[in-house]
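Each of the next two complexes has subunit A plus one more chain, namely subunit B in the first and subunit C in the second.
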Partner chain A sequence: MTSQTNDARVAAPTGLEVGESVVLAIDDLRTHFRTEQGVVRAVDGVSLTVPRGKTVCVVGESGCGKSVTARSVLGLVDPPGRIEAGHIWWRPDPGTAPLDLAGLDPRGEPIRNIRGNQIGMVFQEPMASLSPMYTIGNQLTQAIRLHVNLSAKEARERAIAQLVRVGIPQPERRFDAYPFQLSGGMCQRAMIAIALACDPALLIADEPTTALDVTTQARILDLIRELQDETGMAVMFITHDLGVVAEMADEVVVMYLGTVVERGTVTDIFERPRHPYTQALLESVPAIGRGDRARLRTIAGMVPHPDDRPTGCPFHTRCRSAMPGLCDVTPPAAHDLGDGRVAACHLLDPDLPPSPTPAVAPVAIEITEPDHAVPPDPQIGDQPLLSVRQLRMHFPVTKGMFGRVAGHVRAVDDVDLDIHPGETLGLVGESGCGKTTLGRCIARALDPTGGQIHYQDPAGGRPVDLARLTNTQLHPYRREIRVIFQDPFGSLNPRKTLLQIIAEPLRNRWSGRADSAIEDQVAEMLRRVGLRPEYMRRYPHAFSGGERQRVNIARALITNPRLVIADEAVSALDVSVRAQILNLLRDLQDEYRLTYLFISHDLSVVEHLCDRVAVMYLGKIVEQTDTGALYAGPRHPYTEALLSAVPRPDPRLRDTGARIRLGDDLPDPADPPPGCPFHTRCPHRRLTRCDTEAPRLQDVTAGHAASCHYAGELALAGAAHTRGEHGA
Partner chain B sequence: MLSFLGRRALYMIPTVFLISVVSFAIIQLPPGDYLTALVTRLEAQGETVDQTQLEGLRSRYGLGEAFHVQYWKWISGIVADLDFGQSFEWNRPVADLLADRLPLTIALAGATVLFTWLMAFPIGIYSAVKQYSVGDYVATTLGFLGLAMPNFLLALLLMWIAFSTFGLSVGRPNPVTFAIAIGVLGTAGTAGLIRILRANLLDELRKPYVVAARAQGLPERRLLVKYPLRVAMNPFFSTVGWLLPSLVGGEVIVATVINLNTVGPLLLSALQSQDMYLAGSIILILSVLTVIGTLISDVALAWLDPRVRLRTGR
Partner chain C sequence: MTQPTPEPGATVAAEPRATSVAPPRKLLWWRFRKHRLAMAGLVVTGLFCFVAVFADFLAPYDSGHFNADYTYAPPQALKVVDTSGDGWDWGLYVNGYLSERDPDTLEQTFTVDESTRIPVRLFARGPSYELFGLFETDIHLIGPADPDGQPMYLLGADRLGRDLVSRIVHGTRVSMSVGLVGVAVAFVLGIVLGGVSGYVGGRTDTVIQRMVEFFMSLPTLPLWLGLAAAIPRDWGPLTRYFAITVVLSFVAWTGLAREVRGRFLSLREEDFVTAALLDGVGRAGIIFRHILPSLTSHLIATLTLSIPAMILAETALSFLGLGLQPPVVSWGVLLQEAQQIRVISSAPWLLLPGLAVVSVVLALNFLGDGLRDAADPYRR
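Now for the complex of A and B:
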C-alpha cells in the first residue's frame, strides 16, 4: 500500500520536476492577501505533489492555509487574495507537457475549461455549496453541459446515471428536488456527483465531511474511495481530522501557518512523525477504544494570525523543543529524509551540532500537570440529581390550508434518564435523533409534551418536577441548570461586551446588586476559564473560536450551577483547541462539583469525557450504560454501527475486517417504522420480530440497558476490538 | 401552491375589514363633523347659519347617529352596490370623484415602480460587482443624495429646470409634469433599492455556492445572473406591496407642487374638511390596493424562490 511514489525528484522542494507519475505539483506557492492592515501571507511557500491515482491528505489546524492552497489550484481565491509567486504544475495526461495553472488568468477561458472538467472540487458545507434556487438536477446538468456537448435530454440521462453512481436512492425523484429538501449527506453526494460529472483526473475535497455526522461521514468517505478505485482519479483531501486522514490518505502533507512542515507516506507520518507539530497534533486526538480518560495532551496556545507570523520557524512559539537563538531567528529549511519524506525543522538538520535535546524524538509534548482527572466522584449516591421519566416532546406537523395537524414529529419519545450528581452523562446519536431537543427540554427551553423531569437539589429540599413548573416558578432553577451551546460564533451577542454577556444571568437575578461586585465575579470567572480579566470590556469578535467557547463556558458557570448541559460544545473546534476545552471542562467539573450532560455526535470525545453514555435513536434511548462497557461491548446494533463509523487515527486499522455501514438516512421521525425503529437499517434484523414488535429498554446485564430483542444473543464488536469479528 | 394562494386570499378578508373599521374610526376621531367644519368656515366669512337647517342636514347625512350605525351604512353600501357615499364638499358621489382621479394615481404609481426598477437594477448590480470602484462610489453618493433630498424640493428644482431651460409649461398636467413626478417620486425608492440590492448581492457573492459554481467552470456573467442575482432579486418583489402607500404619502406634496390631479391632494382636502365618506373611501381603497399588492409580491416571491414556495406548506 505504501508503494512509494518512486519518484526521487519529488523530494526537492524547489525547482522540482514534474514526473510522469505526478498529476499535480505545487512548487513554492505563495498566495497573499493584500489588505489595508498589511499583507496576509496565507500560503507562504508550499510545495507538494499529488501522484496519479493516489490520495494526498493536507492536514493542519484552521488558519493554516489548507483551503487557500486548494483554492489556489483552481484560481478560486477571492480578492484581495492573489497568487504572488510559485507554480502549480498540472499534468492530467502523462503524454503532455505540464501546464502552470498559477500563470492562468483566474477569470479566463483556459482555467474555466479545467475547473469542473479536469479538476473537480467538493466543499465543506454541502447545503450551502448548492444554490437553494435550483434543483439538484438543474445544477448537475449544467455542470455536465458546461464541458460536454450534449442535448438537454442526454444531459439529463447522464445526470441521473451520475446520481445513481454516487448512491442517491430514487434518482429520478431526487433530480427534481431542491437542496434544502435533502439531508446533508445527500447534498454532499450530489456535490460529489457534480464534481465528478466530467470524470476529472483530480478531485479536490475541502473538508467534505466536517459538517456531517459520523455515520454519514463514513459513507461519504467510502463513496470517495470507491469512485477513486473506479476512475483512477487522484484526490487531494483537506481535513483537520486525523482519523479521516488515517482512513483516506496514501500520502500526508502537514501544514502550519501557510507552510508545509512535514510530508510523507501515511504510515510514516502516523508511526514515525518527525516534526514536533505533527507529533503534537497526533497526541491531541482523543483516540477511541483505548478507554483512557487521562487529560488530553494539547498544543500550547493557538495558531497565530497569519499577519503576525513569528519570525524564524513559524511553529517555535508553540513548540516544546524550540531552541532559542535558532528557531526564533532562522526559518528551518525543508530537509529531505529520504523515501519521499520532507520535514522542515532545525532538529533534523544534519549540519547542526547536536542539540541538548535528542533530535531523534523531540520532547514535543509533555504533560505538565500530573493527571488530576479524578475517578468518578465516590460520592455518587443512589439519589440522582435529575431523573427524567417518560419524557415526550412532540412537534405537530401541519398540512393544508388551515394548518390541520397531520401528525407529530416525535423528537423525544418516552425517554427515561438518570443523571447522578458529579457524573458526566454522554448523549450520542446521529443528527435528527432528538438529543438536542432532549437537552433543551431538560433546560426547559422547550415545554415538553409530557413526562416528568425530577430535579433533586443535592443540598437538600424536596425534589421538584421541572416539566410542570411555570416560567416564574422555574426562575430559581434556571441558575442551577445551564447550557453551553455548540456554535461559538452564533451564541454570543456581537453587540455586547464579555462583561455584559457573562453577567447577564446575574443581573436577571439581583437587579439591585452593586456593579463592582458583579465585575469582580466576572473577572474571577474569566480567570477560571483561562481568559484574562482585562478582556471583559471587549466584544466577542476579537476572540477566536476556542476563546469564545471559553466565554460560553464562563457564562454557563457564573451562576454556580449544579448541572451543565453541553450541547455539542466542542464540535465546532479544531483538534488542539478541542483538547484544551475538554481539559478545561474536566478541571471545572472537579473544581465546582459539576454534573454534565454532554451531548455530542463525536464518540471519541464522549468516551474521553463521560462516565456513562446514553445512545439515542429516533427520539428513544436505545442503549445506556457505563462508558467502558459500552465501548468494549455494545449491546445494540446501532451503537455498534456508530462505533464502527468513527475514523481511527491509525492507518493500520484501515483495511482490517468488515465495517458496518448504515444504509439510508434516518427514517422520517413523523412516521417512524413499525416494530423496532432501527430495523430498517439494522444489519442484524430478523424478520420474525423486529418489524412488528417494538423492543423495550431493559437491562441486559446489571447497569447495561439496551432496547433490542436480541441484545443478549448478538455478539457485537466494540471499539476496543479491531474491526473484525462481529457475528450475527 | 394553490393552498398557499387560497390561504393568503382568505387572510385578506379580515385584514381589509379591520382596516375599514380603523380608518372609519380615525376619520371620526377629531371633534366635530363636516357640518361644524362648514359652520366655522361660513361664520369666518361673516355669514350665519340657521340652526334648524343645520339639524335637517345633520339628520339627512346621518351625522348624529352612533358610530356603528354610520359605519354599517357606509360599508353595506360599498359591499352591496359599490356606493361609496356622497362627498359633502364636492357634492358628488365619491365613486365619481375617485373614477376621475384613481387611474392617474395608479398609472403614476406603476410608472414609478418601473422607473425605480429600471434605474436600481443595473446600478445596484454594478456597484456590488465592482465594489469600491469609482463607479460604485459615484452610485453610492448619488444614492445618498436621492435618499436625503426632500421630494418637494426636487420637484421644485426639476420644474424650474424644465421651465427655465426648456421653456416648458408645467402649470397644467402634461407628459412633462408626469415625467417629473415619476422622477421625483422614484428617486428615493431607487436610492433605497440600490442600497438593498448592493448589500444583498454582496452577501450572496460571498456564499459558498458561488465559489462552488465557479469551481464547475461557469463563466462569471452567467454565474452572476443565474445564482446570486436571483436571490438578490427578492427585495424587488417585496417592495411592490408597500410601495403604494408610501407613494401616495409622498405624492401629496409633489402632486400639489406640480399640480397633478391625483388622489393624494384630494385625500388631504377631504381630511381637512372632515368630508368623512370621501376620506374613508380613499383610505379604504388604498388599503385594499396595498393588500392586493402584498399578495402579488408574495406570489411573485413564491414563484421566484423555491424556499418560500416549498417551506410554507409545513
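Now for the complex of A and C:
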C-alpha cells in the first residue's frame, strides 16, 4: 500500500473530528502481526466513531479484523500484534480533551486504569473469560476494588447490587458460586456485571451471544439495551450475525479484510446498502418468516486469509461488480455519501467516468447463477423411509469412586419420528435438548437404550430395526445412512489425505487399498461438491472451514446414501459460505434424491431448507408439522418462544410486538420437572394441569402435532405474521 | 436437474502450498526445527548415542584396563605442538608424570612433567575388541602411539589407575542402553494396558486404573531398593543388568499408561473417530488406523521425556551400590567411586561422570519438550 493511498484515506472527509458527542473515534488504525511467514495486516486502516450513548455494531465475517480492532482499543492485542499506525481517540467526558489510546503503553498504568474502569468489556466465551478458581462474587468485588477505593463490605454490597442489576436471581447465593456452577447465560450476565461494575462510558462486547442459545441470546441483548438506557453508556458491539445487528445497532460498521467497507445508520445499511459487499452479505442471509425457499444468493469464494490479501480493493476477488483494471489495482477511497455514511468502493466515486458496467446501481446487477424454481418435491411416499418409535437414550450419571449409578440423563426420551423419502426434516431446539443425541442414535453412533428405528429400504424388502442390530449387522446400513458433522475441524482426521478420508467407507468393501476405480469415484465426488479433484492428495489442514465442510459432505455422499443426517452442518460457517453450503445441500438433494434429517439450532436456516420441522425440548418432541404451518402458527408455547427470540435482519421489526422471553435456563435433564416438562418456563402455564399431568404429542389439526394440553385453545404468534407488512 | 457447479472462486489457488501436501511427519519436523533448545538437545543426544554405539572404538582402553602405578593420576592436557625445544614441533602428545610418594602418609602424588613427552596418535593400536561383534580390530580413535609404553590419562585415573575417559565412554553405553531398554519395556506395558483401559473402558478400565494407582502410590526409591536387593547376588553382570532394567521399567510404565489412556479417551470422542465408525471401520481399524497414528507423536515425546528418569534411577541405584555391580561400568557405578569426600578433594575429576549424566538428562528433556510442542502440528 503506497503512502499516497494512505493520505487519500486520511484526507477523506470521514467525519472524524472528535466532537463532544463522540466517546471513541478510531482514525486510520493499523494493527499488524509480524509472524515468521510475513506481516499479517489484521487491521489495515480502520476509521470509525462511537457516538456517546449509542450502539455501534461492527459486523463482518471471521478474519475481517473486527475483534482485533476492539482489542486494539483495549490495548489487549496479543503479541506479535502491534498497533503500527493510527489513532484511537478516547473522550469519556465531553469536558476533557481526547486522549490517544494508541499511543499508550499496552502494559502501562494509564491503559489499565481505563480498561475495566472507563471501558468495560465482554467476550464471547463467558466460561473462558471468568476464572474457574474464584467465585463470581470474588471476581466482581475484585473488579470493583481495583478501580474504586471501597472496604470489603461495601464492595460486597455493591457487587450484589450489580448482580441484581444484571438480572441474576438469588444474588446472595450466586455471589458464592463458581462459574462452572452457572449456565452459560448466567455466566455472561456475571461478565456483564463485572464489565459494568465501574459504570464505564463505553462497553465493548465481542460476540457476547454467539455461544448462547437463541432464547438466552434474546435476553442478554435485552439486558444490554436496558442497561444502556439506564446508564447512557455507549456500546461497541461486535458480531457476525446480521439479525443481532438489526436488533441492536444505531450505527453499523461493515468490515472486510481489515478495512471498513461501509458505515452508516442501521436503516441506511439494511435498506439502502451501497457497498457491493454489504449488499451481498444481506442477500445471503435467509430471513425467518419470509417463507422463502429459493436458492440463496451467495458471495462467491471465501474470505482470503489476511496474509495473502488481494491488491487493490480487498473485495475484488469476490465482487460481482468488480471493474478489471481498476478494482484490482487501486484500493478504493472512503467516499462520504452524506449523513455520516461512508463506503469504500470505486462505484461510488463521483469522478469515475461512467463505466460500461451498470455501475451506479450495483443493486440491480443480476446474479449469474440460474435462480431456478424449486423443483417439485420428489414423490413423497406413504411409506416412511425411517420411522423411529419410543426411542430412548439414557446416560447413567455415576457418582463416587465405584461408579454408583446415581440417576439417568434422559437425553432422548420416548421419541417418535417419521422421515419420508425425499423430504427434509428439520430438528430444532436449544442446546442440551437432545437433538444431536437423537441424530447419533439414528446413525447408530450410539446404542439406544430402548425403542425401535425401522428402516425401510425403498428398493423393497422388509423393514429392519436398526436399533437392534450389532455393529457387524449394521454394516450394509451404514452406507445407506450417513452423517455430516458440525465441526469442520474435528471431523476430518488431520493425518489423512482427502482421498483416504473420503474413500474410507469404500475401502472395506473391496480390497484394503484404494484402487484407481475408487480414486475416480472420489474425484467425481469432489467435483460434485465444488472442490478440485487435484486436492485429493492434500491434508485437511490446507483447507478453510467451508471447504472442509464440502469434504464432509463428499464423505457422506460417497456411498450413495438414502438418508443424510446433517448435524448443525452449517453452524460453524461464515454467513456467505453458509449460503454456498446450503445451496449445495439443496442441489445434491435434487440430484441424488436424498432425504435429509437437518439438525440445527438456527430457525431461519431450518425454515429455508426443511419441508417439515420437529421441535425438541428436554429429550422429547413437543411439536411436529410442515414448515409453513409451524412458522405461521405454532401450536406449542415453546415453539412460539423460540420463533420470537430469533433476531431478524430487519431493523424495522425491532420494536414491533412484544417479545416472549423465556425465564430460567433449561432444567436438569437428569431430573426433569413433573407434568409438562416445559411448565417451569412456559408463559401460558395454567395451574390446573400443567405441573401435574404430562401432555402427549397429539395431532391438533391434521398433520400438526403438539404436546401441550392447551394446544387447541392458545392463540400463539408465529414468525410469519410480519410477512404482510414487509413483503420481500 | 442442476449440476452443483463449483461457484467461482470456491476453490483455493491451484498451485499447492508446500504445507498442503506435506504429510504430518514433515509438519512435525518443520515445527520442531524452530525450537532452538530442542535442536541442541537433539544434537547432544545424538552425540551420546554415537558414543554409546562406538564406545569400543572411541575409548583408548577397555573398561577394565588398569595400571597400579598410576593411582589417582590427574588429567593430562592433550597438546598439539611442542614449543619447549627450539622451533615448533607439530604432533599430538601428552606430558608424562613425575610421581612422588609422601614418606609419612605413603600417599602418592603426581605432577605433570613438562620435559617428558608421550606421543599420541589418532587411530592408534590398543587392546583388541570386536566391532559390533562382527570383526576383531585393535584400532582406537585415539591412544598412545606406543601401546606398550606409558599410558595416557586425558581425564585422569581412578583408584586402580584406570583411564576415566575409557570408563565414561563405556559407561555411556551401559547407562544409555538401560534408559532405552527400560523405556521400551515400560512403553509396551504402558501402551497395551493404557490402550486397553482407554478404549475398552468399563470394568477393565477400573481394574487397570486401580493397578496403576497402586503402583504409583508405592514410594519409588524403597520399591527399587527392595526389588534390587531381591536380585540374587550371584547373578552374572549381564543378567543383573537386565533384572535392573526390568525393575526400573516396572515403575515407569504407570505414567505412560495414564497418558495413553487419557489420549485414547479424548480421541474416542473426536468426531473423526465417530466418522470412522460410521464409515464401517471395525474396532481394530479404528484403533490402529485412526487412534494410534494420532497418538504417535505424543507418545514419542512422552517416551523421550521418560528416558532421563530411567537414567537417573539407574545412576541412583548403582551409586547406592544396589544397581549394577562392577565389573560392569555405568555412570552410577563410576560415581560410586566418588563417594568419599577425601577422594573428591584429592581427585575431583572422578565427578566427571556426573557431568555426563547432567548433560544427557538436560538434552533429553529439551528434546522431549520440543517434540511435545511440535507433536500437534494441527493445533488451532
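Points to keep in mind about this one:
Everything below uses one rule, namely that the second predicted complex is superposed on the first by the 680 of 728 C-alpha atoms of A that agree within 3 Å, B and C clash if a C-alpha of one lies under 4 Å from a C-alpha of the other, contacts with A are read in each partner's own complex, and residues count from 1 in each chain.
We adopt the following convention: a contact is a pair of C-beta atoms (placed from the backbone, for glycine too) under 8 Å apart; a residue touches a chain by one contact, two chains touch by 3 or more.
What you see is a predicted model; the values in this text were computed from it and never measured.
When both complexes are superposed on subunit A, subunit B and subunit C clash. In the superposition on chain A, A:317 contacts subunit C only, with no contact to subunit B. In the superposition on chain A, A:520 makes contact with neither subunit B nor subunit C. Of the two partner chains placed around the shared chain by superposition, neither subunit B nor subunit C is touched by A:713. When the two complexes are overlaid on their common chain A, residue A:693 makes contact with neither subunit B nor subunit C. In the superposition on chain A, A:130 contacts subunit B only, with no contact to subunit C. Once the two complexes are laid over each other on the shared chain, residue contacts for A:532 go to subunit C alone; subunit B is not touched. Contact with subunit B, but none with subunit C, is seen for A:181 once the two complexes are overlaid on the shared chain.
In the superposition on chain A, A:591 makes contact with subunit C only, while subunit B stays out of contact range. In the superposed pair of complexes, A:157 makes contact with neither subunit B nor subunit C. Clashing C-alpha atoms with subunit B appear in a single stretch of subunit C, chosen from 115-123, 223-231, 259-267 or 295-303: 223-231. Listed in rising order, the residues of subunit A touching subunit B in the complex are 71, 74, 76, 78, 107, 112-117, 120-121, 123-125, 128-134, 139, 142-143, 146-147, 178, 180-181, 191, 194-195, 397-402.
Across the interface of their complex, subunit A is touched by residues 3, 6-7, 10, 206-209, 211-220, 226-227, 230-231, 305-307, 310-311, 313-314 of subunit B.
Touching subunit A in their complex are the following residues of subunit C: 1-12, 14, 16-17, 19-24, 27, 34, 206, 270-272, 274-283, 285, 290, 293-294, 377-378, 380.
Residues 36, 298, 300-302, 317-318, 369-370, 372, 375, 403, 440, 443-445, 471, 474-475, 478-479, 482-483, 485-487, 489-495, 504-505, 508, 527-532, 534-535, 537-539, 541-544, 546-547, 555, 580, 583-584, 587-588, 590-591 of subunit A are the ones touching subunit C in the complex.
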